[in-house]
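Heads up, the next two complexes both have chain A, just with different partners, chain B and then chain C.
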Partner chain A sequence: MSELLPLLVAVPIVGALVGLVVGYKFERLAWPLAVVTSLAHTALAAFVAFEVYAGGEPLSYAVGGFQPPFGIELVVDGLNAAVVVLVAAVALGILAYARRAGPHSAAFYTGYLLLVAGLSGMSVTGDMFNLYVFLEITGLAAYALVATGDDGRSAVGALKYLLVGTVGASLFLVGIGYAFVATGTLNMADLAEKLAGVGYGSTLVRASFAFVVTGLAVKTALYPLHTWQPEAYASAPDSVSALISALVSTVSAYALGRVIFSVYTVDFLSSVAFAREFVLVLAGISIIAGSVLAVMQTELKRMLAYSSVSQFGLVVAAFAIANDAAVTGGVVHLVGHAVMKGGLFLAVGAIAARTGARYVGEFDGLAARAPLLSAALATLSLSMVGVPPAVGFVGKWYIALGAIQSQLWPIAVVILLSTLLTLAYFLRIVERMYFRSAAPREAPAERSTGTGAAAVADGGANDDSDTDDERPTLGRGSDVDFGSPSAGMVAVILVAALLAVALGPLVSTFEPLLEPTLDLLLQP
Partner chain B sequence: MVAEALTIVPPFVYVLVAALLLPFVPRRVGHALGFVATAVVVPIAFLAPEGAHWAVKLFGSEAQQFGFEVVLFNVDEFSRLMGIIFGFIGAIAVLYSYASDASNKQTAYALSYAGTSIGAVFAGDWLTLVFFWELMAVTSTLLVWDYGGKAVRAGFRYAVLHGIGGSLVLAAIVWHYAEVGSFLFSASTGIVGGTPAILALAAIGIGVNVGFVGLHAWLPDTYPRPHVAASVFLCVYTTKTGVYAMYRAFPEGHLWIAYMGAAMAVFGATMAVLQKDMRRLLSYHIQSQVGYMIAGVGIGTTVATAGAFGHVFNHILYKSLLFMTVGVIIYRTGEESLKYVGGLWRKMPVTFVAFVVAALSIGGFPGFNGFVSKGMVLAEAHYEHLYVIWYLLLAGGVGTFLSFIKLGWYAFYEGSYDGPVRDANRLQMVGMVTVAILCVFYGLVPNALFAILPGNEGGFDYTTYTWGHIQEGVILFILGVVAFVVLKRLLDRLGRVPDIDALYNPLAFYGTRGLVRGVTETYAAVDRAAVATASGVTWTVGNPDEALRRATGRTDTDEEGEPTWPVSLRAGIGTSVLLLTAVVTVGIALLIVV
Partner chain C sequence: MIWELLLTRYNYIVVALLLPIGAYMMIENRNLVKKVIGMNIFQTGIFLFFITSAYREGGSPPIVGSGGEAATYVSPLPHVLILTAIVVGVSLTAVALALIVRIYTEYGTLDEVNLREVRADE
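Here is the complex of A and B:
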């Protein structure tokens, strides 16, 4: 069984390369090839996850036959099996959305599959340096995808993402280096033993923890290290925003959890002064500051981006609390947030395509103009706020429960407070959509008669998109040019909304599956 | 067999059924029905065997632990006496209503009021008693309101005060239940005072109904306002049920209550002397006479209690007679005040004779029924060496004579009334004469009264007609005459005398208005503050740049007046890396240095 593990990374890479070569010649084949790859990848991920949860034992594979700790090890246990499936499934769903929403170039699909490969690699690797490599692959692919926005804003956004992300990754590498100097090994399981052997009092070990956590916190976009994230999300095309918001920070947060539990261990957290507090404070500030910043936003995509800052604060806090309930909640929220946030970005894109609304002020009376999409957006929003029985509620519930069990009252209060703030920024959207009537709009009339300024602006946008590729891309240039969303796009959004609600009750089935892994990870 | 027929339903049912039917039948039939329904209570009360009938369990079956034991039809010598006189005078009052052109609706309200009062005195437990007690307040308010005009506001004040009184009684009863575990009268001796507060609650709550000094102002405020027949009903039931409840609450008496009774006797009589409105004068006399009863209950010996209940019985006779005679005057002349009537004795001799009988009865002149029962209370106060009470009650007697001499003098003797006046009509006469005959009968044959008084075990330790008692009665009368002669000029010039309600009505009005305004204004202030805070936060969140400028006071602008600071609140690439470095520094410092 474990021979399948490298395929989780190999399949998307191969798909990316084949897609690039074939797509160069036959651009129309690029999307079908990507879908086939993604389907295969999803099937593979599902099969692996089934094996892990059914067997109750982690799967492990030594790459190239070099046995760990010297060779690279791939490991899938209860914790990352869920992440692997999530990566594959979300990638497949957004690919369906991207068929109409674009971008449509073969290069995009290549970057897309490379990103998926990087994410899968981060998810399954059992080696610290390998984790760094996949982190960089993921990062580079993500920078490139953000830059497909093709206007000045996305270029600046991508550049900022590149620079800040690279510095963060470098800090992570420095941390790995310190740990390597202290122990002489890079394998996670081996590191865990050796670090304990060296002693947690060692300056090298402690410094490595600080570097690794900070580095991964940049990638996870915790406040105040999030500065790259809103601009990157907001300036990218909508499919890309959805993909990176759903997966990149998610897998980084998973990696942070994996490093805490499997490398430094819970023992380190509890025995070293300020180790847990450092992470908790970072996460707690992130929860509050992210929510407050989200309330302040007028652009929907930026608001959703800041919302992610807050939600990942929750997940990281859960990992730092490190008891059964909190970690279960953390994993649930990790998966749930990916579904919800990805769905929200897709819904915002589709709504923009149909009505041109991208700012909070333009959402007045939207429910009348786009009832189905509004309903999906409202469902996803309420789920994110944490209305039972949706998955957003279950995740927060377990995390709050864990905080209370560990008697970390400030964190419990912060979680409850963040729910209020989340309510504040999502409810105003819902309120505008359903309880206000649209202001009489003059813009369409102006466009149809074609006053000078509007004609020039429209013409400019048209020229841009015409020269770049045949079909317009959602989230690039004018939404009017894009036309209305396809049935496929709406279907993907509805599936996300249904999943957000349906996953909640399923958590009770998932929880016992996760239990053996947690017993192993959280043992003192 | 007979006993079963008598107790087949509690007696209040007959009266309330009649009240329900009355609005739907012709006036004559309806009033006949009301007359029969109230009259039938007399034989039932007289003949029904002693004991608890209709003992049921509320809110639970017999087998269950939950629920309250209640007795809907309880017969003992106290409730028997109350039932007899309530039923009898109810019938007379229905007759009088019919004769005085009362509408079916008004008599229906009056009968529901009489019915609930009968329910209250036949209750065998506090829960049933307080249930009917509150209903009495409601039905009597409706009876007052039915007349419209000034009666509406007076009725409202009446309702508010009785609502407060009823609540106090209810509170005392609930507390009593917590102490005793049962509502039944048989479970304890009166209200059980675990703390004095229970007793105070009960006394003050019942005190509203009997007209304690200070709590009495509803009485002269309300009773003069409605229809003359309604006044006949009103003067009977509320206060006398109060006396009965006071006995149930304090069967062994209480000295403070005795003093309060004496104070009521003097205060009521004094205020009565100062009145011009005939029914208002009579209303103050209710308070005064109830004072004698309360004093009797308060003294608490067998003879005093018997005297108190005898006085209840007698008082109902002569006070309803007084209201009937005054009612006839108002009915025939349309005048309420003594200023506008006079010299009527020639024109309405029957009414005049009935008035004289009633006046001598209420004053306690030998040979009339008031003499018998009032004498019992007076003698007992003397016998128990409660001299202050004794003197106060004697002074009240002088005031009573004085005020009825005044009433009789101005209404029937002095002055004249222009215009044709006829005497009472036949049915009114029947009612008045019947009651007047009873007043004299019970005065001359005290043993007929003693036979139905509670605590009579082969006669009382009291002789009605002794020299001392007769002298006492006559002296009081003479003092009354002398006082009238002396004070007549003064009384002539007197205007309207304010009572305690002149103080507390405005106080309650402005107090309530102040409270309402205070609450509304406070709420508005809180609301304004909350809204201001919320909109401030919303604005700050929506305009962070401007907020920052205002907070720091930096107002740099370019040549076009556009603010140039702050350039952007978003972190650039450099700032981001700086932040990153700062965080990692803090992390390392925390983990290594500390």
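Here is the complex of A and C:
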């Protein structure tokens, strides 16, 4: 079965290239090709994950027949099987949304699939330098995708993302360099042994940990290093915001967890107490600062972006606590956050497409105008706050439980505090949607330069893509203020909302599947 | 002591100079293109660090047969890694310059401060 692992990376890359070549001549084929690729990728990911969880053994593949530790190794175990499936499934779901919402071009779908390839690569690799290369592939695709918005704002957001992201990846590379100088190897499993041999007291080893964690923290967007993230999310087209908010930081946070557990190991954390404190403090500050900044935002997409800063603080804190309950919570929250945040960005995009509302003040009485989307937005918001039985609650519960088990009371308090702040910034949206009546607004069209208008403008260029939907007039008229979201867009958002609720109870089934992997990773 | 460091470890001194110079340029320079140049300098510092780590005293090129069985060879692996990293760096520079071209067409300036002023009016 392990022969399938390289296909997880190869399938999206091949799909991206075929899509680019074919789409150059027949632009309308780009979307179906991307869907076929993504379907194949999802099936593959699901099959690999099934094999891993059913077999209880990690799958491993030596690329090019060069045996590790000299060659590059691809590994899928219980920890990253979930991430692999998440990447494939979310990418497929957002494709359904992007069909109408755009951006509509063959180049967009190529970038999209390259991003998926990069993310899959980061998830499956067992080699540090390979992780760096996939980190940069992911980064390059993400910068290009953010810039697909048709205003100048997205280009500025993307450039800022590029400069900060590159520094982050470079610091990660310095960290790898230090570890390589200390041990002479790049394979993760081999590094774990040799780093222990060099000794955790060595300055070289400690410095490499600091650089690797800081580099990945930039990519995950933890608090003082998050500056690229709000503008990148807010300025990107809605489909792209959803994709990168759901996956890019998620996979970076996974990589951080993987590096902590598989390269430096829990032994390092317990013998170098300062390293654990460093990560915990970074995460704790991120949890609080992200929530506080989110409360202060008026633009909905920026608010969601700052909310991510806080939620990833939670995940990283879970990895640093490093006991069974906390790591289970971290993985659950990683997956749950991706579903919820992706769904939230899509819902906000669809609401903007229907009503033009992008700022908190414009959400008054929205439930009357867009009942279904408002219900989905409210469900996802409440799940994010952590109302049981939704997945947002389960993840936080396990992390808090882990913090208490390890006697890390400050972290438990921080989690509680951030939940209250999360309630504050999501509840004001829900309150406005359901309990206020819409104020008479003058010419909302002037405000919106977002997706609504963009979808209409682009839809006019290739209107043949609108064959099977109920309102064929959309995209033809030049003076339509706001299009309304297609059935596909609404369906994806509803699925995300349902998943956010349904995944919660399923965690008890998932937990025993994760257990053998955790035993292996967390053994003292 | 310092002389010895300068004479034998000068590569590391250059690395320690290149990294802050690049970082300072990215933060302090108002011109967007020069920020990208700063990014390149920063990366070059890292490349030099890797290449230096491959050096062995009296080592010959790592080609089988060039020095015989017992000879010391320099480590070929960092060279290969940095070849990859250079390709990544070139791609990053290309994407960054493409974005800068778009920003210039949109706002007519490459200056960070002017850009902020122009965008504040949006």
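Some points to look at:
Convention: the second predicted complex is superposed on the first by the 484 of 524 C-alpha atoms of A that agree within 3 Å, B and C clash if a C-alpha of one lies under 4 Å from a C-alpha of the other, contacts with A are read in each partner's own complex, and residues count from 1 in each chain.
The rule is short, and it goes like this: a residue touches a chain if its C-beta (ideal position, glycine included) is under 8 Å from a C-beta of that chain, and two chains touch if they have at least 3 such contacts.
Remember, it's a predicted structure, so these values are computed and weren't measured experimentally.
Residue contacts after overlaying the shared chain place A:Ala273 against chain B, while chain C stays out of touching range.
Legend: residue contacts after superposition of the two complexes on their common chain; A:Thr203 is shown touching chain B, with no touch to chain C. Contact with chain B, but none with chain C, is seen for A:Met296 once the two complexes are overlaid on the shared chain.
Once the two complexes are laid over each other on the shared chain, residue contacts for A:Ile285 go to neither chain B nor chain C.
When the shared chain is aligned, chain B and chain C each come close enough to touch A:Leu163. When the shared chain is aligned, chain C comes close enough to touch A:Gly152, but chain B does not. In the superposed model, A:Val35 lies in contact with neither chain B nor chain C.
Shared contact residues on chain A (touching chain B in one structure, chain C in the other): 159, 163, 167. Residue ranges on chain C touching chain A, taken from their complex, read 23, 26, 32, 35-36, 39, 42-43, 46, 49-50, 53, 77-78, 81, 84-85, 88, 91-92, 95-96, 99-100, 102-103, 106-107, 115, 119, 122. Chain A makes touch with chain B in their complex at residues 159-160, 163-164, 167-168, 171, 203, 206-207, 209-211, 213-214, 217-218, 224-225, 227-228, 231, 272-275, 277-278, 282, 292, 295-296, 298.
Of all residues in chain A, those touching chain C in their complex are 129, 132-133, 136, 139-140, 143-144, 147, 151-153, 155-156, 158-159, 162-163, 166-167, 170, 173-174, 177, 180-181, 186.
For chain B in complex with chain A, the touching residues are 541-542, 544, 570-573, 575-577, 579-580, 583-584, 586-588, 590-592, 594.
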